[in-house]
């Protein structure tokens, strides 16, 4: 799935009705667009329609800049939540980290290989530890030490920084703080977390310890959008690895690190390619 | 993915061009069809377009019986390979078996639960061993003993039997004979085999023995359409299971049985729901 | 791992101390036994030692019938929980079922192929539905209808029946009733259940519905020993399968059936080959 | 499985006979060693015995330095291939690379976290590209440009360098050259390669291209010991990932990179912890 500049992607959900695919594809066709990928899904219980279409704008009859306005009447008629993104407009992502480096170093390395079509203008942390890692990739690193008293003020400053840099998406790459509802509200379905368990098992702190105590034979990692409710947001991606009675807590942590890296990287990739729609407490992922 | 009677499915491939999705979805929309599922794929190397659309015919403006003729002009214009199937028209499947029962008993049990929307009018075997199993599910069992001399004549009789029963698809559920090119030609992309290895590794006979000798750490099973070339047909589905140095050849056979059953069942399900298009030596599987 | 008659298996756990492997293997060696398999594990947190040894008794210097008494002094010295089983003495297993047939039919078919070195003298159910399936394999089927009032008396009768048939192990093959603590107490680490979720996620009823509502991307099945606490017993085996937003509740149930069958079959196999030791709320599985 | 200094590990294989476990464990016991882990395996076809025992030498009655001599008589009697390693003696590993960085950067990062109990005194390459990566971790990087004419002489120099640094093990982290039999001979079962396919499928060059052309539904990676025969050495570890018709060759390469990193890291870990014994063309892996 390479990602080229002369491409547009429509991501849309609306109440289901007859003719949606036909009318949307006709909109593209009559303007000379060539559909490259189309995925649709109907939630037959909720009667909701979901679609992702990408098309080549190489021979499109209207400029990309007018696309949004051109599609608006149709979207309004459908009562849709929708977003059109253009291939030459990269998502802007801020990473939030604490002290663990495994997710950050993996994401930055992947980014350096071109795996993610995003810009990473800045990294935020409540600790200075990972500054050298950020420096190696030339990314500005902002330290905001946190105490219970300063949390409110710090989050205000962080939001200001994010807005200053036009940040679209926040990735919590093992950020060990809980964001306030006020913060989360500013980035709905835009804050991606990695939780080191197979949710909904082992919510909260020390999931590997909980897993070791329960004696499970498989551990997991879960990437999800952050909502007000801790570890309850819509799940984007999960994966697992087998363990045995021989594995100590340290082994779980080590094996889990590999999972966390993979699952968070896949989630960011899916998100950055506009492949995810939220459906209530769940996601539709057009993979 | 339940499968109801008032549904039509179009499976189509053709050279790629602008407007295919739009024109196909418009064909359905203008006749009052409500699209339930649409999957499309473009092979950008071969410039080939693949689509599967299913729609509700509950409020369709033309009778299902006229659908084929109504769509023909469009298909001709596109230069398409295509097939429309109707929800109330079940695929007719013949099973071919030899002496191993694990695949057959699993498929028949699944069929009894309604997992496959097919009819199984008959079972063919070169041995009488599995007749009691067929009898338990009330399916006629035809024994055709085979020798090198009679092969040609036997296949002729088998084909006659299949044609007599309007068979669409043949499932080789561990059938230990190689079909002649003449036979295969009569059922292009309609004969489904299960090979007990992770193809293309361990082609031919005794793949578990080959795997044990090579010392692999994972074994697999592969379901594919049968072509003239042994074990070379388009792959439909594969799966694997881990093994260790402790596993003997008997263990491989036992673990492999579970894989074979699962992989063949998934392949038949995908095929019976019209989810597979052949693309040269490969498949497009709209899962 | 074939299982032959002239074999003995020792399964033992005790407080860890120096020399345990040496003294146990010496016990076997000096009587002419040839060790075929030896697995040991030390829980370094709880300081507990676990071992499974199997050896050939073909040239053993004492009769198998005297083995238990011969080993007793050593076991006493170690303060061990232990059990010696002989290859020609098959475990006796009772199946408990309700209306779902997928686990029972799979276990009985596997048993017919020789996968489990056990006898199945009887099947117990609170419904008559699966009697024909039991009959097909020639296994006596006992129906005990249950009401809230009769539960206590019914369990008493069931226990009597199990004792009458020298039952070692009870397999709950989707038995939809909760056994009383009094019943469970009679078969400690001898009642094997299959729960259709990835425990500890989705405890209790309708786990597939819970999974569908939570929007997980992976579902699981868990086999565990039954204890007083519902779905909290030591886990024997787990496995998982991927799902997507396309999968309806019916798809989860269908995909889950395959998992339940596999996981329960593996658990019974491990148990019947004396490969499992309970370690508090967890298991040591010598696979 | 943490790895501490006051530990010894015996890795041994020999023709099977009665009493091996007893006599080996007795050797340890009578010198005051406490067995921490013991794994054994008997290849019943080849009649070969394999064992790995690790024990605490904290209260051992002889100095570690005398252990080798003390055990020699027993080993001679058994006709054994054997090796005793001591916890405070770290394996010395040289990495060989070409231009791809994904395996090297992953191994070096893992090494920096302490995942491997090895020293990495040097990195060898036929290209200068990865020198900055090596520099970041402070590891000397030696460039040996290669031509068909210089190959023989270059390998001689490389071997000299390896011997100078007491290298035990060579890891080919996507080294794109084929080592000569003379080189391989110097490090029998000591050169670890990662091949980017599920061996024995897709031997040789461009395995991802071969996989894309064959239309497999699963790709893999294989780590193995290098022998004279290309891609035919004893397999240490394999893993796989699912692909679909949507995945282009670039997607296979991207997904495969994650596999290669994981599989090679696991292989090095197993090797460095003395968990692997070669059994003809296969391995016994005590995981």
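The first chain written gets the first letter, and so on, giving A, B, C and D; residue counts start at 1 in each chain.
One rule holds for everything that comes next: contacts are C-beta pairs under 8 Å (C-beta built on N, C-alpha and C of every residue); 3 or more make two chains touch, one makes a residue touch a chain.
Keep in mind the model is a prediction, meaning the values are calculated, not measured.
Asker: As a test of understanding: of all chains, whose mean C-alpha position lies farthest from that of chain A?
Answerer: C
Asker: Across the interfaces A-D and C-D, which one involves more C-beta pairs in contact?
Answerer: Ranking A-D and C-D by C-beta contacts puts C-D first.
Asker: Do chain B and chain D face each other with the same patch, meaning over half of the contact numbers show up on both, or with different patches?
Answerer: same
Asker: For chain B versus chain D, what separation do you get between their C-alpha means, in angstrom?
Answerer: Chain B and chain D have C-alpha centres separated by 42 Å.
Asker: Roughly how far is chain C from chain D, going centre to centre by Cα mean, in whole Å?
Answerer: 37
Asker: Tell me, which residues of chain A touch at least two other chains?
Answerer: Residue numbers touching two or more other chains: 44, 246, 248.
Asker: Inside the complex, what are the residues of chain A that reach chain B?
Answerer: By the definition above, chain A touches chain B via 18-23, 25-26, 28-30, 32-40, 42, 44.
Asker: Which part of chain C faces chain A closely enough to touch in the complex?
Answerer: The touching residues are 41, 43-44, 198-202, 213-218, 220, 234-240, 244-246, 248, 279, 281-285, 287.
Asker: Can you list the chain A residues touching chain D in their complex?
Answerer: Per the touch definition, chain A meets chain D at residues 1-2, 102, 105, 109, 113, 115, 136, 246-248, 250-251, 254, 258, 262.
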